Amino acid sequence: MYGGGTPNAHHAIEGLNLSVAEGELLCIVGPSGCGKSTLLRSIAGLITPTGGQVKVEGNLVRQTPDNLAVVFQDYSRSLFPWMSVADNVALPLRRKNMDKRQRREAAQEALESVGLEGAGRKYPFQLSGGMQQRVAIARALAYRPTLMLMDEPFGSVDAQTREDLEDLVLKVRGHHQMTIVLITHDIDESVYVGDRVVVLSKAPAHVVGDLKVDLPAPRDQISTREHPDFVHLRAEVGRLVRGHATV
Amino acid sequence: MYGGGTPNAHHAIEGLNLSVAEGELLCIVGPSGCGKSTLLRSIAGLITPTGGQVKVEGNLVRQTPDNLAVVFQDYSRSLFPWMSVADNVALPLRRKNMDKRQRREAAQEALESVGLEGAGRKYPFQLSGGMQQRVAIARALAYRPTLMLMDEPFGSVDAQTREDLEDLVLKVRGHHQMTIVLITHDIDESVYVGDRVVVLSKAPAHVVGDLKVDLPAPRDQISTREHPDFVHLRAEVGRLVRGHATV
Amino acid sequence: SSGGDPNTSAPPSADAAGGLEKTQLKIATLPAIDSAAIYVAIDQGLFEKEGLEVTPQVVQAAPEAIPMLVKGEIDAMFGNYVSMFAAHDKQALKLRILAEGSRAAPDSLSIMALPDSPIKTPKDLEGKTINVNVLHNFQELALTQVLKANNVDPATIKYVQVTFQNIMPSWKGGQIDAAYLGEPMVTAATATMGARKILDPASGPAAEFPISGYVGTQEWYDENPKTAAAFQRAIHNAGKLMANNREVVAKVLPNFTQIDAATAATVTFPYFSSNDNPVRLQRVADWMLEAKWLTKAIDVKTLMSPTTSG
Amino acid sequence: MRTAVFRVLVLAGLIAVWEVATLLAASPFFPTPSTIVTRMHAMWFSGSPATLFLTDAAIGNILPSLGRMALGFAGGALAGVLLGLAIGLSARVYDYLDGVLQFLRAIPPPALVTVFLVVFGFGMRMQLAFIVFSIVWPVLLNTADGARSVEPLHLQTCQAFRLSRAERLLRVVVPSALPKMFAGLRLALSLSLIVMVFSELLPGTTNGIGFQLTDAYSTFDLPAMWAGIVLLGILGYLLNELFLVVERRVLAWHHAARDLVG
Amino acid sequence: MSAQTLSPVRPASPATRWSRRAAGALAFAALIELLSRTGLADPEFLPPASEIVVRAVTLLADSAFQAHALTSALAWAIGLCLAAVLAVPLGLLLGSVPIIDAATRSVVEFLRPIPSVALIPLVALVIGTGLQHRVALVVYASLWPILYNTMYGLRGVDPLAKESLRSYGFGPLSVLLRVSLPSSAPFILTGVRLAAGVALILTVSTEIVAGRGEGIGVFIFFAGIAVPARMTDILAGVFWVGLFGVAVNALLVWVERRAFRWHHEQLGERA
């Protein structure tokens, strides 16, 4: 997958060369406004790069690739206010060969996995910010995509929930052979969940660091974070990010 | 200030008793969906508690208190899409005795302080998520309120920018005698910027911890975070939060 | 090629104005041949001679002018008696007939059938659909009498209201079986479509049936008796002029109707009254009472003034 | 509940003012409300219990009018929604139809009566065509507007999950356009009542509220004319209330989301 | 005016779009021409499009027609402006003060369905029959689209945007003017666009029904009562009315795109 585009109206990213292996969990960190969300949209085929190409599984992305799920940064706007939370989660499943009951069950299961078992019948605007974000995550998880794009998916949840969700993503990835691209501002998180961490410079974005994370699996919130490699990598990513900050 | 309300349609918070001293920077942490944002809205007088009272400077809050600024969790929706970024920041200044030029200058200054000097003439939807969030912060800062309420204000910015903004808030607070209530999910952050950290339980929220942070001023990103008290407090808050998580 | 108010009125002559309560009159008229008298009177300087300056205002139908009359925006109007008597009966206004206007002349109204229609005789009209401009108007009133005289049951006729410009398309499209036409459509239908005349609604008991006249309110009349008399004289004098001179009529028609000179030369004109006669008008009121269009009898004589023109 | 009482009070007050004003004016053109109501009762609502107290005149005029209106409204609403969606969704369809539709929208129906007559013939068909033609525009324009202003992130979400066109349309575009659509429908509903009256002035009409109204007008039966006007007002009011009930059900999410803040 | 719709398509060039519009118009004209020429519709009552257009063009030089057209345009413009000036504040009031809405709704909804045909004589009785008569009816009819769209527009405003301003201590009026109004402005303008069409129809229709004075409707009326009716004149008049409607709509759309650029750009539309 090569993201090297300058999307339509705004030249957000330029000369960016990046590839993700199948089944990999790639974390992208980079200063605010550098073009991470734009890159994600290009991969999803939501905007067409003016130059450069995006390939998924060797095929050029012209349209949205199959079996893709996205968790948008602006999660509250990506939920449909006229549907209950459960319907929001179940909606994409219509693309799968599932009958109504199966869809409902899958949605319920996904909601449980993000700690929202009781919220299915509520409407999105009746939820707190963090709960809405978890609904968006549940929607993507229920879909069981082969490629999952997540744009700062845990930004609005508390520390404990965040850790649980990180582990959930790792677990799901293990079970259902998934490629995941995850954008985050949390350096610890990028190292903890990533197989690889790519650090972008400020706009126009280019890759300033591409670190392989070779931490022992399965990862664990306590032991992994104490691992000397973790501490080292985290410092390394921190240094790279700080070298290209905006303020 | 006593927040003990059950807002209109949903009983979000119950039996909560909390006070902030003038000039204090109070951090609130708590599990997702426990009612932090609701509490903030009650303080701001945007919703009327069904029971309990909120007092600001000894007066019962029935309406929005004077000289208040709020940074909403859902920052992107709180910006006005029909105005340029600079106009968005300058708008509340109409409440102050400032002429047009002064307002423009104050807005420009605030935008610079959050690292957005070049974005004044853009529209909010032309900015990245983190940039929009910083616009919302700039708007609150430019207003120079005596009471500032911030709901996860740094959730969408990168690590470096986040640290810079934390320091900015500390600096501004020092210069302009301000009371600040800041909701965050980042435990380190709560200890680093707060004079006091209040930990809420999950809904219906009550206070499970109220810690005075007695770290030497001025705080510093390197030395403060290495201070033994910091490490201790952080662990303490972490323990309290984890005891009441949702997943 | 387009319509509008013709402003052909001449300035009033100073000598004749003596004694009149009011010299400038606004009169609502209809864009139909019937209201020709007022235009002829203007054209021939007859109002001027009486010291009057008359401005005609074309309206589409009499009911529209009545509010204007009541409000005093106009001094008098040209209206059909059926409408005016109905309005008087319902107390929408206190009627005063200022001068008689038109009466139906033979062949100026006609029930017609298309060449290939099965309708041949008046009897064939039974159970058929016939158009009228407005329901419950003089067209129905006259036809009812004539049908009775022809041994046709008037109750079997179905009347539908069709506006003027839609008569031809509805007739051709078969939506009406026979057409109730007035001039100039009678002439046009005969000439261009070969339509046949089945019955003249202005014959027999309805011969010279009074159609329309110039009316005002009783209050206005009480305030302006001399002006009213002068107006009546001018209209009657116009009627006299028109009685034996088609030319004066044809000349003014394009001013207020959409009838061009060529058609004007061939159409049948109605009779233009040159005096007021309560007896023939009483007939209209009586028939209306018979048809239950009035709640009580109207004594027409009390609404009219004697003819003063020479 | 309190607002309902309040509303009734306001209404009662206004009727009282009306009664006094018309009594004082004593103009035959403005009969008193009590005269009008008496007339309405005599004309329409003094029938036998078997016909729900409706008189023959009511059955022969009010019901056909309502039927015409309902059919016309349904047709116009359907056409407006479909065309509006097509135009709002497809730039191509929009380009092709925009000029012609804007042209047609500006045309005063009375000028076209003859053309309608030639194309549709007398009676019901022409009346329906007339009503549909007149009320389709607010629905169409508002629907197109709504379909065009769907939250972009919603569309991107659909696209990311590769929802089919039909799913996008039915589950995302239509719901987001619904609030605006309803604004158009509400306009169209009141309009359909008005146009229904207009349509009953068309050639060949033999019954209906509008027919009775103009007949009363041309024979100067002013209380009957006012009875017609008041009946239309009442019908309009009732239809609007009914509409709001439906709207509140369909747009429950919308109202709830918007009413959050006091 | 392509939104980012069901599927993303590259926006067509202005040339393509204009040629599409022209094609649409031509197809419509061809349909009429065909209906008439083949006799499917009686050509006496539906003359071929070409004849109508030719007649319309020659009418342009007719000074009487010009006068008619100007009078109508004037009545239309006055009526529409008055309607907008009345309806927007009224809509803001009704849309933001529920008690007033509740108090007036029964009256408004009662008055609203009363057709202007029924009102013509009564309005004439109350305010006379001059230009003011026509204007009053136009205002009455075109008030509603603006009023309703304003009220519905207000309801669609994001509550968080309102909260933001309120939190800075702005009063309800400021919130109304600075947030609710701009945010619902695009929808209000749609209402004005609707009203412009309604006003045009009402202007001409009232003229046709009244059948006196000056105005395109009067021109049409007189062409209608001629024997035989001058259908070509009627439809030529209709042609100009329609074209005027197209022009007004285009103008309003243009204004909308300039004034509410944020709205359209945010939706990912391209001009």
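Each chain gets a letter, A, B, C, D and E, in the order it is written, and its residues are counted from 1.
Note that contacts are C-beta pairs under 8 Å (C-beta built on N, C-alpha and C of every residue); 3 or more make two chains touch, one makes a residue touch a chain.
Fair warning: this is a prediction, and the values are worked out from it, not measured in the lab.
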item: Size of the rotation, in steps of 5 degrees, that lays the CA trace of chain A over chain B; value: 180
item: Per Cα centroids, the chain farthest from chain A; value: C
item: C-E compared against D-E, more contacting pairs; value: D-E
item: Averaged-CA centre spacing for the pair chain E and chain D, given as whole angstrom; value: 17
item: Centroid spacing, where centroids are CA-atom means, of chain C and chain D in whole angstrom; value: 39
item: Distance between chain centroids, defined by C-alpha means - chain B, chain D (Å); value: 50
item: Length of the line joining the C-alpha centres of chain A and chain C, rounded to whole Å; value: 85
item: Where chain C touches two or more other chains, by residue; value: 63, 66-67, 70, 165, 169, 173
item: Residues of chain B touching at least two other chains; value: 46, 74, 77
item: Sites on chain E at which at least two other chains make contact; value: 8, 42, 45, 121-122, 125, 163, 209, 224, 229, 263, 266
item: Touching residues on chain B, where the partner in the complex is chain E; value: 41, 44, 46, 64-70, 72, 74, 77-83, 91-92, 95, 123, 125, 143, 149
item: Residues of chain B touching chain A in the complex; value: 10, 29-38, 73-74, 76-77, 114-115, 126-131, 134, 151-152, 155-162, 164-165, 185-187, 238, 241-242, 245-247
item: Complex interface listing, chain E residues touching chain D; value: 1-9, 11-12, 16-17, 20-25, 27-28, 41-42, 45-46, 98-99, 102-107, 109-118, 121-122, 125, 144-145, 148-149, 151-152, 155-157, 159, 162-163, 186-187, 190, 193-194, 197, 200-202, 204-205, 208-209, 217, 220, 224, 229, 231, 234-235, 237-238, 241-246, 248-250, 263, 266-269
item: Of all residues in chain D, those that touch chain C in their complex; value: 28-29, 113-114, 117-118, 121-123, 201, 203-206, 215, 217-222
item: Of all residues in chain D, those that touch chain E in their complex; value: 3, 6-8, 10-11, 14, 29, 88-92, 94-100, 102-112, 114-115, 117-119, 137-138, 141-142, 145, 147-150, 152, 155, 159, 165, 168-169, 173, 179-180, 182-183, 186-187, 190, 193-195, 197-198, 201, 210, 213-214, 217, 225, 228-229, 232-237, 239-241, 254-255, 257-258, 260-261
